[in-house]
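Take a look at these structures.
Paired with subunit B in one complex and with subunit C in the other, subunit A is shared by the two complexes that follow.
Take a look at the complex of A and B:
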């Protein structure tokens, strides 16, 4: 089988070291090789995208003709999981939108910029998943490691 | 930094957007019938008001949709 390299495979050790350095205030790890399916439909009243389950979507429209497009974009982005008690403070250093759970709840997502890199920010139960283009992943990892120094124990 | 209200995503920083100039500039119905001067007017001439100005914006770092808004060019206040 061919060898598979993820965009942040070479940064795994540096990312893992953040949790130790910050005493768990910030944790960060890549979640590589997720399948990503981009679905486009017209946002008109008679087309709906129903979430049937955690891994299944159904596009429903009254027209029998094609109502959109589904494209496999799995290789476009990788995913960085960031968590820890200070994760909101960390993200606020590079993101202008309000991620407080009062307004940005579990399951919510936003397409925006983090450290000037285009990202999708997705709040999960206990952490955030940052979907970032492969070519911006190393920049984002460097920025997270650098920003997390703010929370290094003893400083 | 301007806070621009995207109709799909809500208020976001200006840096997430690209500017598209004056809104409502229609492509000529019969371009071949235009004189050079009329074609140049369509391509290059735009209103430049001091006050409310209807203009196009693209939320390029977010939903990637184009939309129009009215901005006061003196105060940068978004009017609608």
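Take a look at the complex of A and C:
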């Protein structure tokens, strides 16, 4: 089978350059081709489940088969991993919600907007995963690269 | 002349470095730590501008944001209008000039960068003076998340002006700066206080490289706020009180202690309170000769000020009524101190008059989670300020569920003082030179005229005289204005009150408010999976909502018209393809999905068989068309609904609203899958052969894959869902694959279609093709006042269903009127291309319009121009002539049915 194309496949070099330019203050990379199932029922099995609303859950797991009332949304969004020592400041430049570790803990997620784009922000151990609709991904990537100028190393 | 008025030593400026600047065309020097105002005063420059109405010379009156006079225009490095010299931090190469009123904006784009930042905290302390620092230090000791904002370049507040306890200030500031959960923001002015403790502050960030923001807007949400904004001194209204050299006493003290600048050589002091005595003492210690202190409480007064460009002499009247003329170049005034209540007022709090304070202060009953500490609350002695601040910080920590530790406060013994006396006006002299608002040039005479006309409210007088409406919002003049009005009316000033404060506290540049939301970052641009291909292949783009859609693909030497004709021809006579991925797609599932869609669409959906597709129309409850699209039945309980590109989010919201508020009993869930699928429309008589090449396992025959059905298939080796849908009247397929597979599918179609001359086309061709068939575009051919029947879609409105959204409105007489505007076709007799929006008249000389053109194109298939239009009673006018307006006259058009091409539908199945 010929290759697949992720929304930010063409931006990989530009995203990778951010870490060098900021001396690691901000790191950013696409995590492409994740399986994502939107499930509007009670979850079961060994999966990661993000609660998006009172009756809406996003199940992310290794199984690619959509079962039951699940809707396959794997390609609906791509994932941007952002990290680095200044990642909270970077996100605060475009996200109105409080991501402080006392409030927004590892494993927490929120549906919100970042850079005016609808996103899901998910805190992981060492970085944030931003799940962004594929059509907004390039805009978000541009925004992050631009915002990261504030953290240019050596200033 | 180099800083002749700079003291030998002292102050918080860096005397080791000189900064050169130009003011009104003359070169001067100052030091880091100076403001433009302090540097001007160090060089003996008092006059900086003129009265906006009177033209009278005006000098530097204050030392901070309250400055009413010293407006300047920054010319270099980049033009900025209407800044106050007292708040402009001096830098090398600054070029400025004094400004009488309004300045000028730059003609060139601002090369500076601006941004914004959200912040959240347990406690926001506004003001880093003694009360604010104590509050912040105590709150921080608990581990609470603290944000401190202060408009000066360093913490300290009033202590910078008095020079007291600066070691304590520096130690606390350093501890705060180092604390992990504390953000100490200097050069940051809180300008707006909104509901739910949402505070907006603007930070100036000079000296950074160009790729970093020179101003930043902080949007802060605080659990609690401590307002420690201090107090502003006010003047007294007497004749000549506007002359350069008349200065607020506390400000003069700041110039001496903080900047090491003598604001003059020989001063007269006029005061109604103790603070000016302290100022006089500090000035005397620095070398200023104090000619006299006229204390209003002892019956002293001023009856005249001599000098135009600068104070030359002051005439005093002693308690015995004897007048004495004293030579002086400085007249220090203290009419009292006003707690800075602007933010408190913005927060929804009330300012009440406190006779003991002789000022208005916060009433302490604000509905928001805030408290006021220190001078902002009317506490003017240092010990009380520190204690109040510390207590406020402790309470804020407790509110966050944390326990504050002990902090060290400076040892202070508050002196016993005499109570202040509020004096608003002094008799004698011309009341037309006794100013209350120096920037607006409002005098006692103006206020007298206002009250003379019968005005009794401070708000009315403000609007009549403009007092308090300048850049400074009456920081030094507000209370004074009320005091003078009260005197004129013979009422208590407390009963009169002060005018309302509104954001922003200080002027904010639009550039800062815009931040990075400029140009391409003003609004997100949405693109499809095929965007890079479109760009690489020369597509011109059209904005559809936030989407960039290929509009047409011009070849070398082609203009838009030529490209569109070529693309249309390919779709009608060969094969063409379009990226249709932007269509909204919603997965609707559940046992009640069919019932739900029956209620949502005007036509019957529940009778649709799995495997089949139906076109559907949605209306609002008023019966007007809201959206249209196709409904694909995937299974008994599963549908895939498409929406127009621009309405995808609105339709999903619409569905959720009805499910959550009206029909919670329906077992249905809706999920957006717009970007899950990339969609390519494959159109034209040769499309079947192209598809057959790429999907060998799919029966593409007329009988095997009929119109308005769908098939799951492998296309170009990818999992695909193929729909037999046509938006052009031609044999056509919509091929849906995963976003990830879009490029592979597109390139496979290009390759497989090459022998047939496959032609990519854009939205313009799509519009022409559908218009030739009379298919309306919701939002272009409709405007929210159009029913399905008006569009000729009456067949899509069910007569069998018990109910659906909009049904009731179709029994209204208005929706049955025969003269409603209806969608018809137009053929311009002279072949002209009608402008969209063109009005349609019954005769060349008529002026009443029957309707307007909604869509207008060149048609390759018809070999002529045509249009769609909404025309009153249009279907009854078919065959008749109307007149369409052009830029320069009218042109006759023949009304036709809306379906102009292949009305029999013979081309649909290839």
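As a working rule, the second predicted complex is superposed on the first by the 128 of 155 C-alpha atoms of A that agree within 3 Å, B and C clash if a C-alpha of one lies under 4 Å from a C-alpha of the other, contacts with A are read in each partner's own complex, and residues count from 1 in each chain.
By our rule, contacts are C-beta pairs under 8 Å (C-beta built on N, C-alpha and C of every residue); 3 or more make two chains touch, one makes a residue touch a chain.
Worth saying up front: this structure is predicted, and the values here are computed from it rather than measured.
> Between subunit B and subunit C, pick out the one touching the greater number of residues of subunit A.
Partner touching more subunit A residues in the overlay: C.
> On the A-aligned overlay, A:96 touches which partner chain: subunit B = first, subunit C = second, or both, or neither?
both
> Which partner does A:112 reach: the first (subunit B), the second (subunit C), both, or neither?
So A:112 only meets subunit B here.
> Does the superposition put A:138 against subunit B (first), subunit C (second), both, or neither?
second
> Report, in rising order, the residues of subunit A that make contact with subunit B in one complex and with subunit C in the other.
Common to the two interfaces on subunit A: residues 96-97.
> Using the touch rule from the top, collect the residues of subunit C that touch subunit A in their complex.
113, 115-120, 145, 208-209, 211-213, 219, 221, 516-517, 520-521, 523-529, 531-532, 547, 582, 587, 589-590, 669, 671-677, 717-718, 738-744
> In the complex formed with subunit B, which residues of subunit A make contact?
For subunit A paired with subunit B, touching residues are 96-97, 110-113, 118.
> Could you please specify the touching residues of subunit A with respect to subunit C in the complex?
Within the complex, subunit A contacts subunit C at residues 1-7, 10, 33, 38, 40, 55, 69, 71-77, 89, 92-93, 95-98, 100, 102-103, 115-117, 133-136, 138-140, 142-143, 146-147, 149-150, 152, 155.
> List the residues on subunit B that touch subunit A in their complex, please.
9, 12-13, 15-16, 61-63
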